[in-house]
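Chains here go by letter, A, B, C and D, matching the order in which they are written, and residues are numbered from 1 within each.
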Amino acid sequence: MTMAVMFYLIAFVTLGSAFMMVISKNIFHSALLMLISFIGVAAVYILLHADFLAAVQVLVYAGAITIFIVFGIMFTMKGDPRKTNPFSKNAIPAAVLILLFIVINAVTVIKTVWPFSNIAPPETTVKAIADLMLTKYVVGFEVTAVLLLAAMVGAIVIVKGVKKSS
Amino acid sequence: MIDILMDKFLTIGLEHFLILSGTLFFIGLFAVLAKKNVIAVLMGIEIMFTSVNINLVAFNKYTAAEALLTGHVFAIFVIALAAAEVAVGLALIISIYRQRTSTDVQDFDWLKW
Amino acid sequence: MFDFALNNAWLIPLFPALAFGIITLFTKKMTKLSVSISIGTILLSFVLSVIIGIGVIGQGDTFLEHPYKAVVTWFSMPGFSIEVGTLIDNVSVMMLLVVTFITSLVQIYSLGYMHGDPGLARFYAYVSLFAASMLGLVIAPNLLIMFVFWELVGLCSYLLIGFWFGKISASAAAKKAFITCRAGDFGLLLGIILLQINFGTLDLQQLSVMIPNFTQYTGLTAAGLTAIAIILFLGPMAKSGQFPFHVWLPDAMEGPTPVSALIHAATMVVAGVYLVGRILTLFITLPSALLFVAIIGAFTALFAATIAITQTEMKKILAYSTISQLGYMMLALGAASLTASMFHLMTHAFFKALLFLGAGCVLHAMHNEASIWKYGGLKKYMPVTYWTFLIGCLAIAGIFPFAGFFSKDLILEVTFAASSLSGHAQGPFPVAYTVLFLMAALTAFLTAFYMFRMFFICFHGELRSKEVQPQEAPKVMTVPLIILGIFSIISGWVGWPGLGEGQAFGYFVRLGEFQVMEANWLLIILSTLLALLGIGLAALFYWKKTFSAQAVIERVPFLYKLSYNKYYIDEFYLWIIHHIIDKCGWLLWKFDIYVVDGIVNGFGKMAQWGGTVMRKVQTGQLQHYALIFFMGIVLMFLLLSFTGVHSPAIGLMGGAK
Amino acid sequence: MNFPVLTTILLLPLLGAIISIFVPKEKSSIIKGIAGITTFIPLVLTIWIYFLYYTQHMATGGYAFTESIPWVKDLGITYGLGVDGFSLPLVLLTSVIGFCAVYSRSWSVETRAKEFYILLLILITGVMGTFLATDLFIFFLFYEVVIIPIYLMVIIWGSGSKTRKDIGKEYAGMKLTIYLLIGSAFLLAGLIWMYMLAGEMLGALTFDLATLATLNFAPNLQIAIFGLMALGFLSLISMFPFHSWSPDGYAGAPTAVSMIHAGVLKKIGGYGLIRIGIFLFPVGAKFWAPVIAVLAIGNVVYTALISLAQKDMKYVVGYSSVSHMGFVLIGIASLSLVGLNGAVANMFGHGIMAALFFSVIGYIYGITKTRYIPDLGGLAHQMPRLAGAFLVAAMASAGLPGLLTFVPEVTIFIGAFGSPITRIPAFIVLTGIVIGAVYVLRMAANVLFGPRKEQWDYVEDIKGFSLLPIAVLVAFAVIFGLFPSLLMDMVNSGIQPIAAKLLAAGSQIGGSL
C-alpha cells in the first residue's frame, strides 16, 4: 500500500512535470520542469531498488545534462523568454499520435503475459554493478570511455570550428 | 472483478513501471515532434533516454534477475551515451545557430529537395 | 588432255579469280606485272576452254544428254544443301568459249585504250574478277551458285562502271546499275527460294527432271509455278536490261569503253539470257510464263530500238541496241528456242564487242568527245576502224553473210513458227506470237536504220569538230578489232540451216530433240529487205542528205522528244525515288524520332514529372519525417492487431508464440 | 585435358583490367599493351578451340571444354562454362571483335586512356561470359556486368552527332542503359519465375541449363515466361519498336564500344532468345513467333527506309544494324532448323560486318573529325585501302555472295518461307535486301566517290599496324564467305538439339510447330 502510494505519487510528479515541460511556453521553465522529471525518475529507480542508478541519475541528468541544456538555452536565446518555446504546426497531429501511442502501450503492456522470474535481485547493487562492468562488460565500459572522449572532442571541434589553414 | 482490478492497481508490479516509462517516453516524443525550439527537442530526447532506462531496470528486476544486474549496467551505458549525445547535440545546435541565428527546427530544412 | 581439262574445269574461273586476289593483295603497285598476270590467267582460261570446247564438240551431243558434273558440298544442313562445282554441257561450253575469248580480246585491247591510266592495275584486277564471276556463272551446277556468281558479276559491274570514281556521274551510274539489278535480284532470290522450298533442290539437272512433272513432286498448281517462274524472271530482266529495268544499261556507259564492251557483249547482260536458258524447262512447262518472257523480250527489243533512233552519243546508241538485241534473245527464249537465243547470244557477243571496241577507238581518237554530231568523215582518218565497224553494223543489221543475219533470221523463224501465220503453231497463244513476230520484224528494220544513221554520221561527210585531229588507234587496239571482225563474219555460218544433223549449231545447243530447220525463204527475203530498207533510208537521210532529218523532227516533235528523252522513264524513276521513297524514309525517320522515341522519352518524362511532384513530400523538416515515421508505426501496429497474431506479418516481426 | 581453357579466355581480359589498375595513368602505352595482349591470347585460344571442336566434337555435338564448380549450393548456382556449336561462333566473334576493338591505333583513346581500357576489358569479359555460361545465374550475372561500362564509356568518351543536335551523348548513353536495364528486369523476372517453378518440379533448386531443359513446363506458364524473357532479349536485339536506343547509342558511343555493341552485345539478345527462350519454352516460342515475325517486318523495312534518310554515317550503320536484326528475328520466328541456323549464322555475319563498318567509320571520323556525309566525299582518292575495306563492309551489309552475310541470309529465307508462320512476313522482309543495298551504296558513293576534295588531302591512308584489325575483320568476312560450311556446320550442330526440342514439343501438344 505504501509502495502504491509512493509509486503513484512519484509517477504523478515525473509525468506531470514532463508534460508541463512540453507545454510550457518558456524554455527556462521547461528546463526546470525537466529537472524535476529527472529527479522523479531517480525516485523511480529507488522504488526499483536501484540505488546506485538513482544516484547516477541525479548526478548526470539532473546535474550535468540540465546544466548543459541551460547553457545551450542561454547561448541561443533572444527576445522575450516567455515566447521562447512555442509549438510547431505539427502539434495537433503529434498530440493525437502520442495519445494513441500511450493507449497502445498501456493496452499492450497489460495484455501481455510476462515471464516473471522468481530469483530475488541482489540487495547491494554497487558492488554487483562494478563486478559486471569490470569483468563481463569491460570492453563496453572502455568503449564508452572512448566515446565520451570523442564526444567531448567532437563537441569542441564543432562549436569552435576548424581554422582555415592559410 | 473490481477486486481483481483494484488489486492489480495497488500491487505495484512490472506493468506499472512499463506504463510509466512508456508514457514518459511518448511525452518526450511529443516534445520532439511538436516543439519548435530545437533545445526543447533536445530536452524531449533526453526524457526519452531516461524513460528507456526505467524499462531496463524494471525488466532486470522482474523478469531477468538471473542475469544479475545487466540491466543496470546497460542503463549506465545509456546514461553515458546520453551525456555524450547532449554534448554533441548542443554543440551542433550552437554551431547551426551561429550560421542561421535561429533555433527554430523549421528553419533547418537542408534536407529539402 | 581433254579429260584433264574437263576434270579441272573449275580452274577456268579460278585463274582470273586468283589474278584478282594476287593483284589486289600484292602487285597493285607494279602495274606491268599486274597486267601480265591478268592477261596471262585469262589466256590460260581461254586455252582450257578451247581444249574442253574441242573435246565436247567433237563428241556431238553426248554432253547434251549426259553433262559432265563434278561437285563438292559447299554447305549443308538437313533440308538445305548446296553443292559447288562444275556442270559442263554444250551450252556452257559455248558460253565458256565466248566469254574467255571476248574477255581476252578486251583485256588486250585495254592495254592500248587504258594506257597510262593510274588505276590500270586496279582495272585489270576488276576485269579479272569480272571474268571469274562470269565463268563461274557459266559452269555453275546449281541455281544458288549461279546466283552467287550472278551477284558477283553485279559487284564487278559496279566496280567497273564506277571505275573512274572521281566522276560523280560514274559513281551514280555504278550505283544505279547495282541497285536496279538488286531490285531484280529480289525476284530472282525469291524465285530460287520458292523453288528450293517446293522442290527441295536447286540442282539444275534435278530441277530439269522434276519441273516437267511438278505435280508429282510438289503441291503446286500450274498457276503457282507460273507465278514462281515470273518472279524468278525478274532477275534476268534486270540483269539483261529488259523493260522496265533497262534504265541502268545506258548509264553504264560511264565506265571505260572496254568495260562497256565486256558488259554489253559477252558477260553481264547476257547472264540473264543464259540463266533463263539454263532453266528454260521451267518456262517451257508453263506456256503463260513463256509468253511473258516473249512479250517482255519483243517489247524491249522494239522499245529500245525506238529510243536508239534519236540518241546522239555513240555508246548510248550501242547501249540501246544492246537492250534491243537482248530483247531478241529473250524473245527467242520466249519462243521456246534455246538454240536461237544462244546462237544470237554468240554472234551478238562478237559483233557487239566489235562495235564497242570500235566506238572505243573512235572515242580515243576524238579525245572522249561524246556527241556524234561532232564526228564525221572519220573514214579517211581511221580506215581499220571504219571497215571493222562497217562489218559490225552490217552484222547487227542482219545482212547476208554476216553473223547477225543467221541468228536474227533464226529468231524470226522460231517466232514465226509459234505464231498463227505459220499455220502449224502448237502453243496456246499463236495470235500473241503473231504480234510479237511483227514487232520483231519492225525492230529489225529500226535496227538497221539507227545503226547506219550512226555509221553515216560518224564516218562519212566532213569532220565537224575543229579541235581534234583523229588518228588511227594503235595495233594493240586494232588487232582485236580485226579478229572480232573476222568472227563477226564467219560465226554465223555455224548456224547455217543447211548444215544438217551433227554439224549445225542447232544440233549442239538445243533443248529436247533436234529438229532440222527448213530455211524459210520468205522470211529470209523479208528480213533482208527490211534491213536493206533501213540502211537505205539511213543513207538517204544522213549520207546523201536527200531528206532532211530535221524536217521529220519538226513534223512530229512530240514523238522525237519522247524518244530522245527515253520516254522519261529515268525521270519517272528518279521522281519515285526522290519523292516517294526518300520522302517516305524521311517521314519514317521523323516518326521514329518523334513518335517511337517520343513514347520512350514520354516514359522518361513521366518519371521525371512524377519525381517533381513527389519530391514536394520532402519538406526538409525532420519533424515531418519523424511524425510520418511514427504514424507508420501506429498504422502497422493497428494493422497487425486487427489481422491477428498468427498473421504472417507478425511472424516477420518476431512473432507471437 | 584439364587446362581450364574457357576460364582463361573469360578471365584474361579481366586480369588485364586488374593489372591496368596498378599502372600509372600516364603510361597509356603500357595499358594499351596489356589490353592488346590480354585480348590477343583469348583470340588465339578461341580459334584453337574452334578448330578442336570443329574437328573432334562437332559430329557428336553437345557441350565441350566444360568446367563446373559449385558456387552457392543452397541456391543451385554453379560456375559452369562450356561451349557448343551454337555458342562457339559467338565466342569467336567476341574474341575477334574484342581484339579488334582494343587493338587499334586509329580510334584509340588518349584522354583518360587508363579508365577507358579498363572498362573496355570488363565489357569484353562480360560479353564473353554470357556466351560461355552454362548456368543461367552466371549468364545473367555477366549480362548485367555488360551494361554499366557501356554507360560510362558512352557518356565520357562518346560524341554527339551533327544530324541530331537536339540530343547529346549523355542522352544516348542514358537511353541505352535504361532501356537495357529495363529489359533485363523483365528477363530477371522471367528467370526467377522459371527458377522457382523448376525448383518445385525438380525438388531442388538449380540454374543449370541442361537440367532445366529436361523439364516440360505447362503451356500457359511457357507462354508467360517466354513473353517476359522475350521482352528482355528482344529489346537487347533491338526489335521494333524497342529499337530506338540502338542508333542513338551507336552514334554516341566511341568506336570501340560501337564495334562491340553492334558486333556482339546485340547478339546476346538473339543468343538468349534461342538458347533460353526457345530451348526451354518451345510452346511459348510458338505462341509468340507470329508477333516476332510481324515486328521483324518493322525492323527490316521500316528502319531500312529510315536509313535512307540519314546523313550521319554512324546513324546509317546504326539503323542498318537494327534492320539486319530483323533478318535474325524472322529466322528465329520461323522456328525451324534451317531458319534458326540462318539466324545464328547471320548474327555472326552481321557481327563481323558491323564491327568492320564501325571501325572504318571510326577511322574516318578519327582523322577527319566528321561523320556528316555531305562534308565528306571522294575519300577513295586519299585512302584507297580504307575505301576497299569500306566497300567490303558495304557489300557485306548488302548481303553480297562471297562475303559471310550471304549464306546466312539465304538460309534464313529458306527457313522462313518454309514455315507457315513466317511466310508472308518473310516476303515483305525480302524487300529489305533491295533497300539495304540502296542505303549502303548511297553512303559509299557519297563518302568514297566523287571528285577529290582538297580539304581532305592531309588525310593519310590506313597502313601498318592500324590496318591489322580491319584486315582481320575483312579476312574473316571473306574466309567465312567463301567457305560457309566452316560456320554452317558448326551452327547446325549447335542448333540440332534445340530444333529437336521444338519437334518434340510440337508432337506433344499436337500440330506442327
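Methods note: a residue touches a chain if its C-beta (ideal position, glycine included) is under 8 Å from a C-beta of that chain, and two chains touch if they have at least 3 such contacts.
Remember, it's a predicted structure, so these values are computed and weren't measured experimentally.
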item: Between the pairs C-D and A-C, the one where more C-beta pairs touch; value: C-D
item: Most centrally placed chain - per-chain CA mean versus overall CA mean; value: D
item: Where chain C and chain D are represented by their mean Cα positions, the distance between them in whole Å; value: 35
item: Cα-centroid distance, chain A relative to chain C, in whole angstrom; value: 99
item: Rounded Å distance, chain A centre to chain D centre (Cα mean); value: 66
item: Inter-centroid spacing, chain D versus chain B (mean Cα positions, whole Å); value: 62
item: Where chain D touches two or more other chains at once, by residue number; value: none
item: Multi-partner residues of chain C (each touching 2 or more other chains); value: 623, 627, 630
item: Sequence positions of chain A contacting 2 or more other chains; value: 88, 90, 94, 97, 101
item: All pairs of touching chains, each written as two labels joined by a dash; value: A-B, A-C, B-C, C-D
item: Interface residues, chain B side, partner chain A - complex; value: 9-12, 14-20, 22-24, 26-31, 33-37, 39-40, 42-44, 46-47, 50-51, 53-54, 57-58, 60-66, 68-70, 72-73, 75-77, 79-88, 90-95, 97, 101, 103, 105-106
item: Residue numbers on chain C that touch chain B, as the complex places them; value: 615-616, 618-623, 625-627, 630
item: Sites on chain C touched by chain D in the complex; value: 24, 73-80, 144, 147-149, 151-152, 155, 158, 162, 165-168, 170-172, 174-175, 178-179, 182-183, 185-186, 189-190, 193-194, 196-197, 581-582, 584-586, 588-589, 592-593, 596-597, 599-600, 604
item: Interface residues, chain C side, partner chain A - complex; value: 623-624, 627, 630-631, 634, 637
item: Chain B-touching residues of chain A, taken from the complex the two chains share; value: 1, 3-4, 7, 11, 14-15, 18-19, 21-22, 27, 30-31, 34, 37-38, 41, 44-45, 47-50, 52-53, 56-57, 60-61, 64-65, 68-69, 71-73, 75-76, 78, 84-91, 94-95, 97-98, 101-102, 105-106, 109-110, 114-117, 119-122, 125, 128-129, 131-133, 137, 140, 144, 147-148, 150-152, 154-156, 158-159, 161
